[in-house]
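What follows is a set of structures to go through.
Here come two complexes built around chain A, the first alongside chain B, the second alongside chain C.
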Partner chain A sequence: MKATLSNAFHQMKRYPSAVVGSIIILLLIFMAIYAMIAIPYGEAVRLWRGADNVWVQTPRNARPAWLNYFYQEKQPVTMRMTTEDNPDLKSIVDLGGGVATSDFLFEFDYQYDGFPSEISVFLNATFASARPNVAMKWIAPDGREIQLGELAVRTNENFSISQDTRIQRRLGGALPEKGLFADPADPNKVLKGTYQLVGEGLIFEEGSTVDATLVVYGQLHGLAGTDHRRRDITVALLWGTPVALSFGLVAAVGSSIVTMFLGAASVWFGGWVDWLIRRINEVVMILPLLPILIMVGLFYSRSIWVMLSVVILLGIFGSGILSYRSMFLQVKESGYIDAARAYGAGNGRIIVRYMIPKIIPTLIPGFVTQVPAFVFLEATLAVLGLGDPVLPTWGKLLNDAQTNGALFNGYFYWVLEPAFLLILAGLGFAMLGFALDRIFNPRLRGI
Partner chain B sequence: MPSLARTLPEEQPTQQKAVLRVEDLHTWFEVRRMGFFKAGDVRALDGASFELYAGETISIVGESGCGKSTLAKTILGINHITKGSIFFDDEDLSTLDKEGWKRYRSNIGYIQQDPYGALPPFMTVKRILEEPMKINGVRDKAEQTRRIRQVLEEVKLAPIEDFLPKFPHMLSGGQQQRLVIARAMVLEPKMLIADEPVSMLDASVRVEILQLLQALQRRHNLAILYITHDLSTVRYFSERIFAMYGGKIIEKSSTAALLEQPLHPYTAALFEATSDPDAENLKTFKDVPAGEPPSLMNPPPGCRFHPRCRKMIKGLCDVQIPPEFWVQEDHAAACWLYKDEV
Partner chain C sequence: MQNIDSMQGQSTIARQRRQSSLSRVLKYVLVRGLTLLVTVTIGVYLAILIANGGGYVDEMRKGQIREQVSLQMAGDQEMQFLTLQERRELEADQVAVRIQQLGLDRPFAVRSFEYLWSGLTLNLGSADYLLSDSGSRQVRNILGERLGPTLLLMATGQLLLFFSSLALGLFLSRRYGSLLDKFIIGMAPTSSAPAWFYGMFLILIFAAVLGWLPFGGMVAAPPPQDTLARILSIAKHMILPVTALLISSIFSGAYSRRTFFLIYSSEDYVEMAKAKGLSDREIERRYVLRPTLPTIITSFMLTIISLWTGAIVFETVFNWPGIGRLTQQAINLFDTPVIVATTVIYAYLLALTIFLLDIIYSLVDPRVKIGGGGTRS
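Presenting the complex of A and B:
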């Protein structure tokens, strides 16, 4: 047994597909481990739910940042400047009697060819009763000054420049994120250079503060882009890995190893045990898996673990029992089984130590090739809207992409990224499985 | 095979107590239709009685499907006893508890026909030899090592250290059969059941294995039940020969008496059919009985051999089952031909 496995391992090196498959699987495993360490489970669920406005400072439906390498016209990524981390941007002058000015100045160099997708200023004030007052203006590289507005700041104020109709009017009807950056000579081109946002604040109380954060939302964001709720798709891609792998592995292990034990018990004990297992198998084989899962999802629970249990339960008594049974019928007649009975080996020992080790070599390739089938099943369920309600998974990304018309809105990355990972997972396990099949079943080798 | 010849029958241990006593043993296998409905019984073993003494070898001969292996497996406890009883050291097997069965199993060794099939291909030699000990309560590591060394020395698989980590497929056929014998001996049994131990081996290896079995028998005073269809090895190896046909023992005899004159027509035909390297055989025609072995599910009435028997007595052989007739002191046949000679 040990020798068979180590021998198989050595032979694997001779099959390029086994090597590539193993590398892909290892990569996915590292990705899963990284995901679980970098973003703990609770954090992942919280991020994906989008609680506490965690995504308010990321752009909506932004493409991945690395696409800039392929673009002739460079698109902006998000720029964020804040006085909270960087008090140098703030200058406070005490005017006496509790009154003070608290000005801030954000200065940035804009060298992109594309316009930003949005502009917002987040203002945050602390005060007892009198709200601080802030007036902001925009200074373009050519020295034009544009008044942005004046407001009394509350605790968490989102001053959305893009959605401010007064600014739009001042810019002659242009959308603010375009108008503020446009070249006056050609409103469809960006005027490159150093822009400034000047804020003049007035505080009316002792101890009162006002802080500002400027976010110029890019067209591109991060490794994987963002979705319609500004969530970073990377989170779902990363967390989809452990979910997909564990779903696939647990389902494959559950339905192949337990099936194998049932097949062995069926053959070894015979009689009514065999009869019962075969009748259950016959009934389960005609039950349609997907409709049952859809019904469970609709009427009971969409939790991934409930779905997994149903898949395993139906898989255990699936058609696998028949093939294991036929293999074990052959093993049962081996001379060494008779010998083991003659020296008194019990039923459990014969099944576990004598029958199953003989089958393991044929089990392993089948088991490996089964994994992606279950990974795809999970994605299928999610695409059908039966994904786990809290966990971010690849399938749910596809579901979101579909319901938001990703493909006809041009959000190709939203579909391609999870699809790529699904295909990669399927490819890795299939390549390894087929190579293992040839190693363990030498008769296939010549084909 | 001159070295296998033995001085007989002076040293036959007649005064000794029987190691194994089999009384009217039946093993029937139920045949079911659709899993539940009983369709009938295959009477693989239909009434066998004999005693086996320490240091003695009984050969059981007969064609395929006559119940030889069923007898072996029933004695080994692999098949269930339908009727009758087996006594080992005067202890009825049906009264044994779990511990008793362990004791019994440690006292019988099983040697099979196909040595490769008899060895689990995924276990090393060491594991194969440890398994019977682990199961039968020899848990002390030092004792296990001692016994493994001893049996491997006895079956001449040396150097021992080279063999321990090997897998069965790395051994030659003869070495595999030695390993099977070593496994049978590792529990230090009083009795061996050898079910065609040499029929799948090369002629050159056969003698070695038979000599090995004889040496073991002498050293440990083993009782051996030697099952074979190969009559050429029987004469050199056993004190007594039983012939089986259709699930019944039809002739019991000392080797010498049987070789001199087989009584039952079937045994006679069986010996007739044995090939002998003699040029004279070219000129003689062998009178082999026509027909096939009887159906064990639906055996013929009376003597089971009567449809094929040339000496069949109408109205007797096809009606009544013949009892054992002890024609000589050491020679009996279940055949109506001898009803007047007793």
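Presenting the complex of A and C:
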């Protein structure tokens, strides 16, 4: 037994598809471990739920940042400047009597060919009763000054320049994120150079402060881009890995091992045991797996572990049992089984010690090739809107993309990234499984 | 004289054999049909148990009764003379009577068999939210409308898949070791992804980027009035889904067919046939294809079962107005009667496919014809 396995391991090196498959699987396992260490479970759930406005400062539907290497016209990534981390940007002059000016100046070099997707200023004030006052203006590289407006700041203020209709009117009807950056000669072109946002604050109390954060939202963001709720897709891509791998492996291993025992029992005991197992198999073959899962998801629970249990339960009596049965039928006729019976081995002993070890070499390629089916099953459920309610998974990304018309609107990255990881996981296990099948199945060798 | 006698004898024997093999095939088909019917019954019963575990079938029935009663009372002229209070009481009374009449107050074990019957006959009352295109609320009408498109798409795809993978497998086994052979072996692992997955890519390439084919749906909107134009429009909408179905299964299908053929081509009787000088085509037809067909049909059955499983997402991705899309809509609207009904319909469709394959199986498997037991191992 041990010899067969180590022998198989040596043979694997001769199959390029086995090597590639194993490398892919190892990579995914590393990615899964990294995801679980870098973003703990609770944190991943919190991030994906988007609690506490964690995503306000990331752009909506931004493409991945590395696409700039391929673009002729460079697109902006998000720029963020804040007085909270960098007090030098703030200058405070005391005017006496508790009144003070608190000005801030953000200066940045804009060298992209594309317009930003949004502009916002987040203002944060501390005060007892009198709200600080802030007036802001925009200075373009050619010296033009555009008044952005004036407001009394609350504790947490989001001054969305992009949605301010007064600024839009001042810019002659152009969208603020375009109008503020446009070349006066050609409104469709960006005027490159150094822009300034000047804020003139006035505080009316001792100890009162005003902090500002300017966010110029890019068209591109991070490794994987963002979705319609500004969430960084990287989180779901990373966390989808452990979910997909554990779902696929547990489902495949769980169902194939129990199926193997049932197949052995069916053949060894024969009679009514065999009859019963075969009838149950026939019923399960008729049961439509996905609609049953849908009913379970709708009426009971959408938790990925409940789904997994149902999948295993239905998988146990699935089509696999027939192939194990035919294999065990051959094993049962072997001479050594007669020998075992002759020395008085019990039923359990014969099944566990003599029948099952003979089959294990075929079990391994069997469940390795089954893994992709279960990985995709999880994605299928998620695409139907029955994904786990809290966990971010690859399938849920596809579902979001699908329901928000990603393909129709041209957000291809949103579909391609989870799809790439899904096909990578599928290919990895399938390639390894195909090679293992040839190694363990001598009839296939050489063909 | 003796010669003629023996010839006559032979022809009667041949006729008798034909008749008996026909009756054996019929008997086999009948037995399989009955077994499948029993299996479907048990399957639907299980589905009802699952659905009712949350008490949803009961709710569904009670809701239906309440609706019926209030509709009846609304249409009744005499009721207008009663006060609201009286009317409510009367309605509650009537609902209670109806519930008792239908036996909803009886234990579930008894009632579940009634549900089984209405499930099997798809007599599931009216949908909560969904309407059929003709405006009917009856689940049966909604399903009836959607069944056609599903059958059209899946049958086309499955038939094409069966014959093309068979032909490709034969072709590859003949050119064993060629570049194409190696290519198909290399591509076989890609069949681990389901059809809807490839569908997304096809839509991306041919609809979103190139704009050659429609994003989804079954006919152009508005549908062409001319019959020929409509058929062409449907065919155009079917190109992408059918291609997705083929891509998702043809490589592993052709690979496994090819491997089977190669294993069987090395049997002694094939060598013998070659030695006799039979043509390649003859050898393939009589000595390779014939003995492998039963096994191939069994493995094809498993492919089809997995295709049906994926049909829901497949139709959703392609916006195909079939049962799968209906299921997706029902999930989004939480339309319980429709969800239970689609589960039953899928059980029927699965059983029907298996039954059809069983008939073909009985025709190609010589063991059924000569009566040597036709059970699959």
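Here, the second predicted complex is superposed on the first by the 437 of 447 C-alpha atoms of A that agree within 3 Å, B and C clash if a C-alpha of one lies under 4 Å from a C-alpha of the other, contacts with A are read in each partner's own complex, and residues count from 1 in each chain.
To be clear about the criterion, contacts are C-beta pairs under 8 Å (C-beta built on N, C-alpha and C of every residue); 3 or more make two chains touch, one makes a residue touch a chain.
Please read these numbers as outputs of a predicted model, since none were measured by experiment.
Engineer: Check the residue A:430 against both partner chains and state whether it touches chain B (first), chain C (second), both, or neither.
Structural biologist: After superposition on chain A, A:430 lies in contact with chain C alone.
Engineer: Examine A:358 and indicate which partner it touches, taking first as chain B and second as chain C; both and neither are also allowed.
Structural biologist: It touches chain B, and chain C stays clear.
Engineer: Touching A:419 in the superposition: chain B (first), chain C (second), both, neither?
Structural biologist: Touch partner of A:419: chain C, not chain B.
Engineer: With both complexes overlaid on chain A, does A:294 touch chain B (first), chain C (second), both or neither?
Structural biologist: second
Engineer: Based on the superposed arrangement, let me know which partner A:96 touches: chain B (first), chain C (second), both, or neither?
Structural biologist: Touch status of A:96: no partner.
Engineer: Answer with first, second, both or neither: which of chain B and chain C does A:172 touch in the superposed model?
Structural biologist: Neither partner.
Engineer: Looking only at chain A, is it chain B or chain C that touches more of its residues?
Structural biologist: Looking at chain B versus chain C, the one contacting more residues of chain A is C.
Engineer: Across the complex, what residues on chain A touch chain C?
Structural biologist: Going through chain A, the ones touching chain C are 17, 21, 279, 282-283, 285-292, 294-296, 298-300, 319, 322, 325-326, 329, 369, 372-373, 376, 379-380, 383-386, 398, 402, 407-408, 410, 412, 415-416, 419, 422-423, 426-427, 429-431, 433-434, 443-444, 447.
Engineer: Which of the residues in chain A end up touching chain B in this complex?
Structural biologist: 1, 3-4, 274-275, 334-336, 338-346, 349, 353-354, 357-358
Engineer: Which residues of chain B touch chain A in the complex?
Structural biologist: Within the complex, chain B touches chain A at residues 35-36, 73, 76-78, 101-102, 105, 108, 110, 112-114, 117-123, 131-132, 135-136, 167, 180, 183, 187.
Engineer: In their shared complex, at which residues does chain C touch chain A?
Structural biologist: Contacts found on chain C: 35-36, 39-40, 42-43, 46-47, 50-51, 53-54, 56, 176, 186, 188-194, 196-197, 200-201, 203-204, 207-208, 215, 259, 262-263, 302, 305-306, 308-310, 312-313, 316-317, 327-328, 331-332, 334, 336, 339-340, 342-343, 346-347, 350-351, 354, 376-377.
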